[in-house]
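Paired with chain B in one complex and with chain C in the other, chain A is shared by the two complexes that follow.
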Partner chain A sequence: MPSRSDWGALRAFAILGWRRAAAEGLATLMRGGLNVLALGIFWGFWQATPLDELGRRDLTPQRLIWYLAMTEWIVFTTGVPYREIEEDVRSGAIAIGLSRPLGYAQACLARWGGGVAFRLPVFAVIGFGAALALSRTVPLAPTMLLTGLISALLALTLVHLCHLMIGLGATWTGSATPVHWIWQKGLFVLGGLIIPLHLYPAPLRDIAELSPFAAMLSAPASLALDPSPRHAATVLTLQSVWLAVLAACAWLMDRAATSSLIERGI
Partner chain B sequence: MPAIYADNLTKSFRVRRSAGGGGWRLSRWLRPSPVVEVPAVSNLSFSIEPGERVAFIGPNGAGKSTSLKMLTGMLLPSAGHAEVAGLVPWQERRKLARHIGIVFGQRSQLWWQLPVRASFDLLGQIYGVERAVYRKRLAQLIDGFAIGGFIHQPVSQLSLGQRLRCEIAGALLHAPSILLLDEPTIGLDVTGKALLRDHLDGMSRDAGTTVLLTSHDTGDIERICERVIVIDHGSLLMDVPLARLKRDFLRHRTVVLVTTEEAPTLTIDGVSAVAVEPYRLTLAVDTSVVPIDQVVTAALQRFTVRDLSVENPPLEDVIKAIYRGDIADPRSAASRPDAVPV
Partner chain C sequence: MSYVITLLRMSVGSAFVRPLAASSAVVLMLANNLLFFITFVIYFGNFSSLRGWVREDLALLVGCTCWAFGLAVFLTGGIRDLANMIASGGLDGYLGRPRHPLPALLLSQSIPAGLGDMVSGVLFWTVFAHRHLAELPLLLLVGTLGAIVVGASATLFQCLAFWLSGAAVLAEELFEMFMMVAYYPENPFSFAVRLLLLTVFPAGFVAMLPAEAVRDADPRKLVACAAAALVYAGLAWLVFERGLRRYTSGSRIIELR
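== the complex of A and B ==
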């Protein structure tokens, strides 16, 4: 459990993350533009697709565009934070991180949390504004909006834990980019970035639903397709289980990476 | 209790000896080259009392930075023991961080895109400095390091000298009792170095901070430190007060005589004339052959001396002599590798 002074340090790193994100104004806007472009393309694509032939009443262009808006919200809010750790390992600047009274991994997560706090509302306004303009509907009832937000925050926590582990992997491999490349493809395909997982063919669907990627993208976005309280409870339970698993993995990896660094030297 | 204590501190790195050739040859995978232990620091022992200001010097690859990293907990020793502020660094790294300030001359602990003041505010929060204490401390550091003129500029826009002053001020924000500096003046011009040394000297002296400094620049050592630990090939070569190092450990010292005689000459074994000018004689004295007091006595007997000075050599020369193993004074116990001054 962090001490009172640790909380102060976590807050300081969160402020740093916020400021860094705020300083990337133009880049954020460009990413927002890409988000809108992707939503526009898929809006046209879903409208041209005979979705009724799939025999699923929940699959309308309106719901699918909100599904995509949710998954893209998480992806665009995250960015590629693992690169910060990779750069710190490569340059040796991780030594500075290790010389502070707060764990390096905790500091990273706090900094990223600050960045998320800035980007999350920005991309919500951009992405959901575009989805609303295109579909002219809101899939979630006002009472379910909070559930959607909690699910998105859990998803972002899971994604950032993965980035933490990928970045710390650079301690051994020197470069984390190849691992991130594979992980990202896994996230996009098995996480259901564009298409809901229940549209996947049977074996792939089962694999995807059992993977942690489903809890990162498909689970929160599926609230746009099925906003019932029962489904929401299933989604939050699934995400909580994966949160416990990935947090334990990240903790072990942080310990191993730190041990390796102070054994081998920086 | 010493501020810093090292007892037989040893570090070896396991390195795979390169067999040469291409990176993807099958033989490299089937028969990997052997792993060898490369010693970086061997049985290093020393003790630094609170408030002492000590230079840690040695040629490149001597093990200075490796030792410093072990003392900050960033590197696990292969053997031996160390305590810094009463803590074992590699076991209590995060706790130790609150007691020490670290400056790496080639790495920044400040955030490049933020103004210096914002970086300081963050450091204050990271180290849990109370708001009122922080404000007072910041005012002292701004004054002490003369950084008020650029404290609102982003770190990326500062000159190297300005940045290094801010780095050291940042390292002192949480009032550490021990300051560890790794090449703090590297890359600075003469004026920048002098300014930084003056500020560092004043601030550390006023606060009674223990300083352990590695530097290749003898000016840093002369201005800031009172004691010198010399290491080479990872082993302690010498641990002496700076004044004693300069006094005792150089073969040649310079004696300048101003006389009433127009053409003074002096012939003694171990003494040679460096410059002979009217009424002035400059001598190089080999103190391993003849003690300096004999030379001075002989000069006073032979000439009417109007002025006399015995000049210490530049520390640079002393250190070069030590690295060469050209240590002149066999009388001093401190010339032995295991010597520690009292």
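== the complex of A and C ==
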């Protein structure tokens, strides 16, 4: 359990993360533009798709664009935070982080949390605004909005725990970028970034649904396709299980990376 | 020409100074592209076509994008760092040389992962798009024309640093946006969007038009690709020249001495 001074330090790092995110005005705006562009591309894409071939009435371009708006919301809010750790390892600045009373990983997560707190509403306005303008519908009932937000926050926590582990991997490999490429494509494909998982062929769908990637993207976005309370409960349970698993993995990896850096140096 | 070849030899050689890291970057980029394509395999597993385009056409398009992007960053990796060089005064060292600084800047580094993209391109064309080996010279030609457009567009984005402070992030974001658009089929779009992608934001010349030139065996589209490569390369050169007139030294020459 963090002490009172630890809480103070975590708060300070979160504020630092918020301020840094707020200072990236132009970059945030550009990412917002990229988000809108992606939604525009796939709006055209889904409208040109012969969806009637599926024989399902629930899959419309409107619902699919909201599904994408949800997955893109998580992707754009996250950015590529693992690069900060990679850069710290490369430049040796991680030594300063390790000498602080607050753990390096905790400080990173707090700083990223502050950044997320800034970007989450910004990209919600941009992405959902674009989805609304394109589809002229909102598939989520107002009572489910809170569930959607909780699910998105759980998804973002899972994604950031993965970024923490990818970044810490640079302690051994020097560069975490190639691992990130593979992880990112795993997230896009097994997480169902563009296409909902239930459209996947049977063996791949089973693998994807059992993977943590589904809890990061498909689970919260599937609320746009099935907003029933029963489905919401399944989604939140799945995400909570993966949160416990990934938090334990991140804790073990942080300990291993710290020991390696202390014993072996940078 | 011998100057360019010497620069190329040096930058490619330096990219493979750490052969294990470079080779793993090549292999992982190849895996990265194959994983990306799974999305389209799933799509065409559910739907018969996308406005007349089938999986093989998408493989042709993705192959063109991979080859164009890979070739551009493998040979002219300096395109990703131009804005930083301008902002930090790093041009000083290049301006002191007897040759024009742009080729040396573009050829200042080679990104080995680009080789993985190039291999992916050939794989997409021959294995997934079922294109005959006899078509490979044409595919390499259209892909290379696309690479020139990628290089020219990246240079144009990076040259914003001559006029805007903090343009490095903006240039990178614009380039990512450009490549993202190039990766997806543009045939579902309206005439206005296609026009935009063939003029101010020329992502259409990276893969869409090259893929259509091969798919439809249309020599007019091939000529359009070649003309676009020439026009955008010339434009990049002109904008860089204009930018140089505004460039203020970062006094890095003192560091060099």
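Keep in mind that, in the parts below, the second predicted complex is superposed on the first by the 265 of 266 C-alpha atoms of A that agree within 3 Å, B and C clash if a C-alpha of one lies under 4 Å from a C-alpha of the other, contacts with A are read in each partner's own complex, and residues count from 1 in each chain.
Here is the rule we use: contacts are C-beta pairs under 8 Å (C-beta built on N, C-alpha and C of every residue); 3 or more make two chains touch, one makes a residue touch a chain.
Bear in mind the structure is a predicted one, so any value in this text is a computation, not a measurement.
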item	value
Which of chain B and chain C A:Ala141 touches, first, second, both or neither	neither
Which superposed partner A:Arg20 touches (first chain B, second chain C, both, neither)	first
Residue contacts on chain A - larger count, chain B or chain C	C
Touched partner set for A:Ile262, first chain B, second chain C, both or neither	first
Partner chain in contact with A:Leu37 - chain B first, chain C second, else both or neither	second
First, second, both or neither for A:Gly103, with chain B first and chain C second	first
First (chain B), second (chain C), both or neither touched by A:Tyr200	second
Partner chain in contact with A:Lys185 - chain B first, chain C second, else both or neither	second
Those residues of chain A which chain B touches in one complex and chain C touches in the other	none
Residues of chain A defined as touching chain B within the complex	4-5, 8-9, 11-13, 15-16, 19-20, 23, 91-93, 95-96, 98-103, 261-266
Of all residues in chain C, those that touch chain A in their complex	21, 24-25, 28-29, 31-32, 35-36, 38-39, 42-43, 45-51, 113, 166, 169-170, 173-174, 176-177, 180-181, 184-185, 187-190, 193
Residue ranges of chain B in contact with chain A within the complex	13, 66, 69, 72-76, 90, 93-95, 97-98, 102, 104, 107-109, 111, 113-114, 118, 121-123, 125-128
Residues of chain A defined as touching chain C within the complex	24, 26-27, 30-31, 33-34, 37-38, 41, 44-45, 47-51, 53-54, 174-175, 178-179, 181-182, 184-186, 188-189, 193-195, 199-201, 204
